Structure formats: C-alpha cells, structure tokens
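Shared chain: chain A. Partners: chain B in the first complex, chain C in the second.
Now for the complex of A and B:
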C-alpha cells in the first residue's frame, strides 16, 4: 500500500564516477514513499543502474567518486552509514546474476546474508526455505548455482536478497533473461511482497508492458536526469517524449497511438490489454470517432 | 530439393553429474536460408540445442548434421567455418586487446595468409560500422557495440549458418532492433539464421519459422502466426504471445477480428478497416433511405436519411 510516509528522499543529488568527466546522475530530486511500487524506465546508459546503486549505498561507499546532495534511505544518510548497515533495509538484485552469485550451493547462497547478520541457525534456515519457496527454487537447495539456467540464476539472486527481509527491494533489470511467464511471475512475486509485506519496490526494467500493469509510478531517466514521472497512463500517453528517449510503450498503447494518428480515438488511453479491449468494444457499440 | 543447413536426428543431451536431460530425442531440419526463432521457457534446452549445433556439446545420443557434417566426427574448429555462435553474454567471448585483433583471431587460426586475414577484418569492420572502434579495447565498449564485435568475429570465419543465443541481454529497445536488423540483413544476404530469444514481439516481427521447446522436446514447429495462435500450448513452456496478439485473442469473437495478428500495424489496420466498412455501410443505408424518401415523397424518411 502506498503511504504518505517518505522512505527515500533524494535531494539535489549529482554523482560522478571516479575519473569520469561527466555526471552519471545529475540534480536528482525525488521522494519515494513507503510501500510504493516504482518502475524506472530509460534507454541503455540513461543512469538506471547508477540510480539503483545509490539506494543501497554501494555508490558512493564502494565505488568512490564524487557525490553532491543527499540520499536518505529509511532515515539513514547513505554517505554516513556503511553498506552493511543499509543492507538490512535495502536488498538489491543486480542485472547480471553471475555478478552476485559466488557460493557452491543454492542453499548457502541464500543463507550468506542472514548468516552475516549472526541469526540463529533455525531462523536462517526458515528464511532460506521461505525465500527459495517464494521464487520457485525449493527443490534446488543442493544444486550448484553455476548449474542453473540464466533465469534460475536470476530467481536465486532475488531469493538471496529476500532472505535479508529488506524494507526496500531494488531490482536492476532482474527479469532481463526470464521467459515471458517467468517475467510475469517475478513481477507478480514482487507485487505480492509489495502488497503483503509492504516492501517498497524499485525496479529498473525495459519491460514496459509489465511496468504498465504493476507500477504505482513510473520514472523516466534520460541522459542522467529524471525527465518525467507519473502513473503509467500519464507516462505512456506522452508518445512524443517516449520516442525521443527511445522507450518502447506497451503494444496496446502503441495501438492506441496508431489509431489516434489516423483520427480514431479510444475513450481512454490504454496501457493494459483490458483497457484497450474495453475501448475497442465501445468503438463498435457506439461508433465514436474523434474529430481532429 | 532445398539444401539442408542443419539436421538433428533424435538428438538427446544429458548434463552430468546431475543427469539433467536437456534435450530429449529432438528431430528437425533447417533448410539453407531459413530464419528460425527458438523459443521456450528458461531451461527448455535452447542454449543446449545451439551448442550442439555448433559442436561445443556433442550429442549424448542421436546426431546433428551441419551441412552434412556429423558433429560427432568433426571438431568445433572444423565446424567453425560452417556455423558460428553468438553467445548470450558477449563478454564471455571477448578477450583480445583491440577490436581488430578480436576479429582477426578466428581467421588467423585458420592459418590464412596475413593479407586474407586483413581483408576479412576490413570487410566485417565496414559491414558492422566498427571503423571508429577498431583500435579500442572490446570489453570497454558499450553493450550494443560489444555484441557487434562478437558478431563481426563470427562473420570473419565466413560461416553460412549463424546462431544467436538471446542476443538482446542488457540491451534496450533500440538495441534489440539494431541486433535483429543485423540478423535480418545477414539473412537477406543468404545466411541461415537461428536465434533463441524471449522477446516475442521480435519473433513476430522478424522470424519466418518458430521452433517451440519445452523440457527438451519440440512442442510446436510452425510459422509465427500459427504458433502464437495456440496460447494454451505455449503456456506449457512459459511463453505468452506478443501483447498485441494477446489483445486480438481477447477481443469478443463477435467483432470478427483475426486471432493471430502479429504486429501493432496489422491489428491497427484491421480496426480501421472495420470502422471504415461499418461507416460506409451506414452511409449506404442512409442513401437507401434518401432514395426511398424521394420515391415515396415522404419527408420524414428524407430527414432521417440526410
């Protein structure tokens, strides 16, 4: 549930990687509320991955570089506390699962985080089993992570983050290698974590159709800046802007735009199959054409 | 008869030590010059199949023929002049210090004369617009360009058959199309293309034929339209048709839309066509009313028809 309680506050934040000429993010001002499901869209190199890593403090604490302004997550200033401390609030799933998997067994991969919190063995096992269950890898405990398929590795990386029971889950293109149903499952799973456990979700992705269906709010990054935000319908209706910044709208929105350009308007701008289906049905019931 | 590019005969592949059966008696043929997409859930066997075609994996049982060569009897090196593979993650196959060296590596290993190596390098650099990167460190390039370098180094071997394993990882929308456009161009130049992907909108737009894998078996093998018109079957292997096809399938049958629209333009045109036709029918009815009014001299009918 989206609340009015700000959980992440970013003010006047700019960041530059060590030795880089340009800022990787510029003058970012943003508030994310507890319980929000936020999706970040943007073309390659727009700043999505950098954005994800400022949230768990990996930037600037691990990467160095120059950060101006402030990032406050759950009351902690990321420039003042350690990544370990932030790890109990923010879980992150990286784009390339191979970059974060390192143990020899699925079970120990997921247990690694909770072990480092010095939890009871029973508590660790309970969290591990829950996390593996949630991502559908319950029967894979003894397998080696290297023996999993690309999609299974992505699920495992999500499980490892979940076992930390984070308040915020940041996913950086965490469904890029998943099949269509697997993608839907991860979105549905993330939505369940969002609704049932009130985990705040921040998800960078290129999959606009799922984004349209699940997000409370969509942010658009372009050339290191936040250039637009809003509910999915607002964002995807701005066809001109999306074309300029190379973002693919959901196919149903593309259809509405295609029809609009040919003087045929649907009663509401659709971002889901359901909405466009209603629109087309109405078209043939009443025969509404827009006058241009 | 058309020449065969690839033929798999009851191809079975088992990964050890877990005994995972990744391919289970798969048989199919790909003719020279086809553009085939392989789809199926994570773990369905797509990558295993491609690796068996290129000879990196040898069948546990059954066999694969690449242009009539049995992969069991030839090395990857020998097969590499006929079939090339672009891996899922380009970073796994880049290792040289410069783009030029990366591309020259394969031809050099064929022990070709230096002049021939140089000429091949020049040709693929020009073809893939890599001129400005030729002395750059390949792993330092942006993802789309890294992928182009990999494709270039595969092309330098002059294989007829090009296999691409999810060549869209980590790329954005524009990058996807750029990659698929390269594949289409190679296809038009006569290459046989086999591409594994999870992007169904790209399959719908680019492929001529789709092989659907499910738990190591072939579930469907048909045109994109025929394959995507069977959403229930596809669901068994975690595939959903492109969103636009799903929409076409969810419209009430009474509206009479074809259920296998593959692209936004196709469905968009169908909607426009139906709206226009309905309008012209309405116009025709109105004209009939006007004619009747004129004939009968009835003013009310005339008004209605105007």
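Now for the complex of A and C:
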C-alpha cells in the first residue's frame, strides 16, 4: 500500500563518474514513498543503472566521482554511510544473474547477508527460510545456484536481498537476460513483495508492458535527466514524448492511439490487456465513435 | 567438463578432513617444496601427493587434462635446464651449430643438466598438484571457514575463495570467446603456428581480462550490497570442529615435513 510517508528524498542531485566530462545524472529531484512500485524507463545509457546504484550507495562510495545534492534513504544520507550499512535499508538485484551469486549452495547464498550482520545463527536460519519461502525456492536449499534456471537465479538473488529485511528493493534491469517465463516469474514475485509485504519497489527496465501492468508510477530518464513521471496511463498517453525518447509504449496503448487517430475513443486510455478489453467491449456496446 | 579448481563431491577420507587440516597441509607442503634441493626428496613429496590424490578418489581424467595443460611448460623447463645448467659430464656436445652468431657452439646437454631439469619439473608437478587436491575436496564455504578459523581476517579469506571461485567461470569464458572467434572463421588457436598463436593471444586475453574485471566489480557491488564488511566479525551458519582424525593427519603432515627438511639439510 502506497503511503504518504516519503522514504527516499533526492534533492538537486547530479553525479559525474571519475574522469567523465558529462554528468551521468543531472539535477534530479524526486521523492519516493513507502510501499510505492516505481518503474524507471529509458533507453540505453539514459542513467538508469547509475540511478539504481545511487540508491544503495554504491555510487559514490564505491565508484568515486563527483556528486552534488543529497540522497536520503530511510533517514540516512547515502554519502555519509557505507554501502554495507545501507544494505539493511536497500536491497539490490543486478542485471547479470551469474555475477551476483558467488557461493556454492542456495542456503549459503541467502545466508551471506545476515551472516555479515553477525546475527544469531537461529535468526539467520529463520530469515533464510522465510526469504526462500517468499520467492518459492524453499525446497532448493542444498542446490547449487549454477543448477538453477535464469528466473530461479534472479528469484534467488531477490531472496538474498530480502534476507537483509530491506524496506526498498531495487532491481536494475533484473529481467533483461530472462525469457518471458522468467520475466513473469520475477514480476509476479516483485508484485507480491510490494502488495503483501509492503516492500517499496524501484525497477529499471525496458519492458513497458510489464511496467504498465505493475507500476504505481513511471519515471522516464532521458539523456541523464528525469524528463517525465506519472501513473502509467499518463506517461504512455504522451506518445509524442515517448517517440522522442525512443521508448515503446505497450502494444495495447499503441492500439488505443491507433483507434483514436481513427476517431474511435475508448472510455479510458488502456495500458493493460484487461483495460483494452473493457474499452473495446464498451465501444461495441455503444456502437458509436467519439465524433458521432 | 570438470575443472581442477572446482569442488568435486565425494565421501573419501580426504574429503571428510577438517578444512584447517587440509590448509595446514597445503601451506606446509608448498613451503617444503620450495625449500628442498634434492631430486629424491622432490620425488618423495610428489609420491605423497599422488597417494593422497588416490585416497581422495579424484577423477584421474581431470588430472590427465591438467598435466596435458602443463605439459608444454614442463617440457620447455626440462629442455632449458638440460641445455643451460653447467655440468661436467657431457652427453651431447654443443647442439647449437657453430655457424649461429653469438650462441654458436653452445648448448651442451650434460648429465647434471638433465638431473636438474628432472628435479625442477618434479618439484613443479608436486607444487601444482597440492592446491587442486585441497580445493577439489573442500566445499568453498568450508574452505573459507577454515581460513577464518585459522585467524585470517574474513575479508582476506573471502578474497582468496572468491578468486578460486572465479577460475571455473573464467575457464568457461575462454570457451565462449574461442567459440565466438571460431564462428568468425578464426582458427589460429587450433591450426596456427606457435608464432601465430602468440600473436593471437591478445585477441583472447583482452576480452577475458575486461570481462573478469567487470565481473569482479559486480561481485564487489553484490557482496557489499549484502553488508559485507559492515561488522568486524561475521557469523557463520555452518561450523567446523577438529576431530581426532584431523589431529592425526595434521601431526603426520608436520612430521613428514620435518623429516623431509631434515633429510634435505643432512644430504
């Protein structure tokens, strides 16, 4: 459930990588509320990954560079605390399922984070079992991560992040290397985490269909700036802007735009299959078009 | 294909040893190998390691692949030592023709040279057989725990084990790069001459190194994002305990090393 409680506040933030001439993100002002499901869309090199790594402090703590403005996550200034400290507030799942799994057993992969917090062993095991249960890998404890499918690997990476009990889960193109089945596995899980466990989700992706289906709010990054934000209907209705920034809107939204151009208006602008189905049914029932 | 640096599951006596006992064996035997100066001692150490390979029931085919990989280095070392090591008993006189400028007439193969070449290659074989023996019989998380329980800072222990973990990954990456090159009709590594292969190595090494650096950076981000290094100490869900058999093995390791060193200094 989206609350009115701001959890992430970004003010006048600009960031430049070491030795880079241009900023990778410029003049970013943004508030993300607890329980929100935010999707970031943008073409390649728009600044999505930079944005994700700023949220968990990997930038600038790891990568150096010049950062202006402030990023406050759960009351902590990311420039003043270590990535390891922020790990209890922000979990991150990276694009490459292989590179982020580095132990030999599923159970040790998920336990790695809580072990680093030096928790009691019973507490660690309780967290591990809970996280594996949530992602549907409870029976995989003794398996090797290398034996899992792509979707299972990303679910394991999510479990590993969840075992830290973060308030925010950041997914940096976590489905880009997955097939449609794996992609849906991850999106369904993330939606469940958001709705059932009230985890704030921030997801960078290219997949506009899924973004439209799951997001509360969509952010559009283009040439290192936040150029648009809003609920999916608002964002995907702005076809002119989407064309300018090379973002493809969901196919159902393209259909709605096509119908509009032929004076056939749906009662609401659709971004999901269900919405377009309802709209077309009503259209048939009315037997009219918007100009008549 | 199994890699020599990956864990090979098994229930042998050597597999069941505490990782600390195996790490002590690894460190002591590697040190002894560096110190010894006599060929018969190098053979003794190599035989002990081979015996332990048999005890561990590790697949001999992976050992064969490993030695095939090392074969060219061993032959090269042997030939160079045989030709360049100074000796009195000449077996083959000046293998380099006198017409060759600067080095013509040199390259006597002596009995001492052959013995020294044999010593160096035996020592090298023993040295490179010890690490795989330990790593292949110890799950990486237990290996890490063993290092930590031996009072190595856990950050350092993880650097070592993550590096070991990367070896099979890099090996797989070499396969991918070579396949990609083959698909574009690049066959130098299979059919080219030695010089052509040497010239082509940057084409293999450059993407491999760049990929390895990128992967290492991602692993670093992934580890820190899960709180690695947040506390001075860390907990472990698994625990290890030295059993009587581990103490016996450690005592035998120490005794063996002392005996070899004593024999080395008395000879």
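Following the convention adopted for this analysis, the second predicted complex is superposed on the first by the 285 of 292 C-alpha atoms of A that agree within 3 Å, B and C clash if a C-alpha of one lies under 4 Å from a C-alpha of the other, contacts with A are read in each partner's own complex, and residues count from 1 in each chain.
Please note the rule applied: a contact is a pair of C-beta atoms (placed from the backbone, for glycine too) under 8 Å apart; a residue touches a chain by one contact, two chains touch by 3 or more.
Bear in mind that the values here come from a model prediction, so they are computed numbers and not experimental data.
Trainee: In the superposed model built on chain A, check whether chain B and chain C fit or clash.
Mentor: Aligned on chain A, chain B and chain C clash with each other.
Trainee: Is A:179 touching the first partner chain B, the second partner chain C, both, or neither of them?
Mentor: First partner only, chain B.
Trainee: Looking at A:247, would you say it contacts chain B, chain C, both, or neither? Reply first, second, both or neither.
Mentor: first
Trainee: In the superposed arrangement, which partner chain does A:189 touch: chain B (first), chain C (second), both, or neither?
Mentor: neither
Trainee: Which partner chains sit in contact with A:96 here, chain B, chain C, both or neither? Use first/second/both/neither.
Mentor: Once the two structures are laid over each other on A, A:96 reaches both partners.
Trainee: By the touch definition at the top of the document, which applies to A:259: first (chain B), second (chain C), both, or neither?
Mentor: So A:259 only meets chain B here.
Trainee: Is A:43 touching the first partner chain B, the second partner chain C, both, or neither of them?
Mentor: First partner only.
Trainee: Mind working out whether A:83 is in touch with chain B, chain C, both or neither, as first, second, both or neither?
Mentor: second
Trainee: A:152 contacts which: chain B (first), chain C (second), both, neither?
Mentor: Only chain B; A:152 stays clear of chain C.
Trainee: Please state which segment of chain B collides with chain C in the superposed model; the candidates are 1-9, 37-45, 91-99 or 163-171.
Mentor: Of the stretches 1-9, 37-45, 91-99 or 163-171 of chain B, only 91-99 runs into chain C after superposition.
Trainee: Go through chain A and flag every residue that touches chain B in one model and chain C in the other.
Mentor: In chain A, residues 96, 98 are touched by chain B and also by chain C.
Trainee: Could you please specify the touching residues of chain C with respect to chain A in the complex?
Mentor: Residues in contact with chain A: 7, 139-141, 162, 165, 169, 215, 218-231, 233-238.
Trainee: Under the definition above, what is the set of chain A residues touching chain C in their complex?
Mentor: 53, 56, 58, 62, 82-85, 87-88, 90-92, 94, 96, 98-105, 107-108, 111-121, 124-125, 128, 160-161, 164
Trainee: So in the complex, which bits of chain A are touching chain B?
Mentor: Of all residues in chain A, those touching chain B are 42-45, 95-96, 98, 143, 147, 149-152, 173, 176-184, 206, 209, 246-248, 250-252, 254-255, 258-259, 262, 264, 273, 276-277, 280-281, 283-284, 287, 289.
Trainee: Would you tell me which residues of chain B are touching chain A in their complex?
Mentor: 15, 18, 20, 40-44, 47, 88-89, 142-144, 166, 169-175, 198, 200-201, 235, 237-240, 242-244, 246-247, 250-252, 255, 264-265, 267-268, 271-272, 274-275, 278-279, 282
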